[in-house]
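Pasting the structures here.
Paired with subunit B in one complex and with subunit C in the other, subunit A is shared by the two complexes that follow.
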Partner chain A sequence: MDVIVCVKHVPDAETRLRAASNGKWIDPDGVKFTVNNTYDEAAAEEALRLKEKCGAKSVRVVTVGPPRAEEALRYVLSMGADEATHIETPADALLDPLTVARLLAGVIKTLPHDIVMVGKQAADDEAGVVGSALGALLGLPSYAFVTELAPDAATKTLKMHRYVEGGEEHFQGPFPAVISLLKGAADPRTPTLPNILKARKKPLTKVSLADAQTRAQALPGAPASGAVRSFALPPPKTGAKMIEYQTPDEAAEKLVKLLREEAKVL
Partner chain B sequence: MPIGFELTAEQKELQALAAKFAKEEMAPRAAECDKKGLFPEDIYRRAWELGLMNLNVATEYGGSGLALLDQCIIAEELAAACGGMTTSILANCLALQPINLAGTPEQKERILKPFCADYHLASFGLTEPSGGSDAAALKTRAEKKGDHYVLNGQKCFITNAPQASLFTVFATLDPEKRDKGITAFIVPRDSPGLSIGKEEDKMGQRASSTATVIFEDVKVPEQNLLGKEGEGFRVGMMTLDSTRTPIGALACGIARAALDHAAKYSLERTSFGKPIAQHQAIAAKLANMAIELEASRLLTWRSAWLVDHGHRASLESSIAKCFSSDAAMRICDEAIQVFGGYGYMKDYPVEKYLRDAKLCQIYEGANEIQRQVIAREFLRRFA
Partner chain C sequence: MSKAGGGEVVAGLVGAGLGAVVEAVKAYGPDRILLADDPRLRGFSAQAYSKVAAKMLEGLADPKAVLAPATAMGRELLPRLAAEVGGTVAPDATELSPREGGGLVVSRPIFGGRASVQVDLPALPCVSLRPNAFAAEPRPGSSPKVENVAIPELPAPALALKVEKTVVSRGDTPELTEAPIIISGGRGLKGPENFVLIENLAKVLGAGVGASRAVVDAGWRPASEQVGQTGKVVSPNLYVACGISGAIQHLVGMSSSRCIVAINKDPAAPIFKIANYGVVGDALTILPALTSTIAKSRGVPVP
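Coming up: the complex of A and B.
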């Protein structure tokens, strides 16, 4: 059983963002990018557990992104993945999620894959498209928002769990398949120092954008994708009200009054 | 070859690991451990699990096998969360360095390997109640008796001593011989006659433990002699030459945390209708703090670079340790001043940094001794 996990290099949640001058995305200059967003890290952890607990043969991590995105691959290699593939795009390329899914699918098609894992959405553009699109492009079932999974290699069946409105769902389906993770059964591990050093020696294959595009041509249909018209940061918050007071009791009293009469939340 | 300051991708990953551990696991507990003088053993165990503990031990013996510059990068990140915890985490590097330098392959196999294979703490035993700076005058006696040595005496201010399972100890075979009589030994905690005295109640770095170690007729087998008889002083000095630089990095970490807090506060706190950072008196303070931190880090990195490239760096490591720890005291002092009355209160984090930074001027060679070394090394060029 070969497992592939797809991750995205995203801006760190604590970094300060500015809109880029072209008004289409953030200005990446001076932005600290983090290795992975929460959902991708959960997918990586779950992929590694498939190897450790369910006898998967190998875990390969794949990303589409500029040269800096290699960091994300190294991180997942440090967590314990065996190999990495980097579909390298120019630093200023702005790719829509469907294009990303096509590039991934074109390359994944040429690699052994029984289970393809992705985070349910990226932490930056929050599109949530890649998982479902990958399934369609690869001609595989895709299971979304999964929180637990247990493969049975003999019957090629996955038993899965997810939360649905007002309850929980246990379901099953065949694999090979694409699975998008909401969260995993365990917190994502922190790579240890010796594993960081070992990860440097693990194989990392680069695939050029042109090469990936060629491979993607053979995929079914090429629907037109949406494009970003404009991007802006949320306007600064206004309307904060400072309470003037002499004693804590007075402050509490004024606060309760405001919450009750103005905000009407009490 | 050109000089470069860009960290390698690997160094950035090590830095990110240390920063993550510092932020998520050390920082949230720092204030409580400081207040109550707690020794957070679970955090130290986790540091070992992540490979952040035996940084200078070769990988073949189960350590992380890092260059000194990499150790410094990690030390700064950890210390930005808690100076005391960092001291306890790095204490193994100090205690094990005599074995790295003078141990035989047999000793490394027999002692280092099982030590590093699990969570263990070690302590470096040089300082004594009657003095630390004049190391050649130490009083702990070692006597050769057949196939073993017998140790008698006391070591004080020993980091991690209450929890340590292994000690590297410096004792004299003949006090008359001063430095030529000093000999180094590896002493397991369970050696009969070895006991731990009172645990010190310290001004700062209170998450680290410090105690006296007492030797009463402690038998040490010949196999645990480090190097040859009379080589101990040289082993001790070589150890300190290579572990002094990370103290500079540790001071940088404490100072960086103080400066970060002061900078953020200066942008939030207003007086006379504007953030205090816009008042020249405060802006100049912050600028001076930034200058001193930058200089400290560059001195530290250069010293580490020299050691990593096989150069003797007694002068540069003393400069790095001395300047960075003095600078950290000034930076932490000014951080309190930026916070005003709030800075003096224990509800705010900055007063702790000053108490933690103070120890960096004292341990691993007091700054007075560093200046003596610096002057001696420097004057040699003119003699």
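Coming up: the complex of A and C.
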């Protein structure tokens, strides 16, 4: 069984966001990028567990991103993935998630894949598009919001749990398939120093954007993509309006009045 | 939107045993209902449903946009449909407007509500709508025509999905991602036994109950209530954070709420920086006062 996990190099959750001068995205200057603490990291962990528990042959990590995104690949290699593929885009490219899915699909099609794993959504654009779009482009079933999975190699069936509004569904479906993981069964492992050193020597294949675009031409469907028109940060919060009070009842009355008359949410 | 553009609103319903759903949708007054009601579509298979939806689109002269709720199902279905039919996609929209030259311009929150983008969708926009961001108006007295759509030939794996069971996690409180009001508790509640104070306030407001990661990790509350990066991302009209300090991983799950109230003993807690209203005090004494004030004003019994 071959497992592919797709990750995205994203700004760290604690990064202070500033708008870029073109007004279309964040200014990457001084931003720390990572895959740590994201849905993608959970997907990588789950991919590795598939390998360890179910005897998957190899785990390959794939990303679409600028040169710095190699760091994300090395990180997942140091978690234990075997090989990496980097579809390298220019540093300032702002790609629509459907375009990313097409680039990934064009390359994944040429690689052995029984299970393609992605995180529920990237931590930056939060689109959650790539997983099920990959399913369509590769002609495979896709399962999203998955919280647990166990493959049965003999019947090529996955037993899964997935989040649905109001609860959880236990279901099964065939693979090869694409899985978007909401959360994994275990906390992602932290790479050890020996593994970090080993990861430096693991094979990492670069695919140019032009090459990936050529490969994507063979995919079904007409390529179409959205484009960011503008990026906005909310006006800085000035801090809360603090309720002055003597007794809890007074605090409650003042708060309810504000919520009713000023905020109009009650 | 359709009213402004003079077009038709077509409701597409896909699944099995949809009789009651058809009736519910009728009340909102679409012009037509396309129905693919087939026992083979019992469990939600994104592969099957997207192909059925694509077939429904094929039958329309000039579809302008496909809209769905930004539920788990809606968010999974639309990217797949867009990839199938050569459309564009934007999930979790909070605003929509027509785009010059066709398509839509969509606003959506990103970075856990810490920023937003406007996205141009030129080709057939497939857009999921964030719960609470749009109001649904019933249109009584409408009687749309229901047209059956036969399901197209599907690849075998598309119909091989089998749902074994559904575990319902919610009791009588609304689903967190859809709740217009959420009362959320953290470590400041001091113990699982005190969450009854949160539940009581939620009850008088018809609100959902949320929790911080710390109290879920401590086993005080079920994981289904966790708000934050590894839990649910919510955007209610009112979010009341009780005894929650405001770690960044919690903030990314709720900071796009319309109005945030923070109740915390520590005046330096980061939650006050993003809250609209703050009460410095013990949630254990403020919560009961809040519950009884609201219950009395609504004429309902104080729990």
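As a working rule, the second predicted complex is superposed on the first by the 236 of 266 C-alpha atoms of A that agree within 3 Å, B and C clash if a C-alpha of one lies under 4 Å from a C-alpha of the other, contacts with A are read in each partner's own complex, and residues count from 1 in each chain.
In the analysis below, contacts are C-beta pairs under 8 Å (C-beta built on N, C-alpha and C of every residue); 3 or more make two chains touch, one makes a residue touch a chain.
What you are looking at is a predicted structure, and each value in this text was computed from that prediction instead of being measured.
Peer 1: Once the structures are superposed on A, label A:P191 by its partner contacts, choosing first (subunit B), second (subunit C), both or neither.
Peer 2: A:P191 sits against subunit B, while subunit C stays out of touch.
Peer 1: Contacts for A:R74 in the overlay, against subunit B (first) and subunit C (second): which applies, first, second, both or neither?
Peer 2: Touch partner of A:R74: subunit B, not subunit C.
Peer 1: Determine, under the contact definition given at the top, whether A:E168 touches first (subunit B), second (subunit C), both, or neither.
Peer 2: A:E168: touches subunit C, not subunit B.
Peer 1: In the superposed arrangement, does A:R200 touch subunit B (first), subunit C (second), both or neither?
Peer 2: first
Peer 1: Quick one: name whichever of subunit B and subunit C touches more residues of subunit A.
Peer 2: So, of the two partners, C touches more residues of subunit A.
Peer 1: Does the superposition put A:D96 against subunit B (first), subunit C (second), both, or neither?
Peer 2: A:D96: touches subunit C, not subunit B.
Peer 1: Taking the touch rule as given, give the residues of subunit A at its contact with subunit C in the complex, in rising order.
Peer 2: Contact set of subunit A toward subunit C: 11, 13-14, 17, 25-26, 37, 96-98, 101, 123-133, 135-137, 139-145, 162-174, 177, 180, 183, 221-234, 237, 239-243, 245, 247-249, 251-253, 255-256, 258-259, 263, 265-266.
Peer 1: For subunit C, which residues count as touching subunit A in their complex?
Peer 2: It comes out as residues 43-47, 50, 71-73, 75-77, 79-92, 105-106, 109-112, 114-125, 155-158, 160-170, 175, 177-178, 181, 205, 224, 229-230, 233, 237-238, 248-249, 252, 258-262, 272-281, 285-286, 288-290, 292-294, 297.
Peer 1: Would you tell me which residues of subunit B are touching subunit A in their complex?
Peer 2: Contact set of subunit B toward subunit A: 9-10, 12-14, 16-17, 20-21, 49-52, 59, 64-66.
Peer 1: Which residues, counting only subunit A, touch subunit B once they are in their complex?
Peer 2: Those residues of subunit A that touch subunit B are 35, 70-71, 74-75, 78, 190-197, 200.
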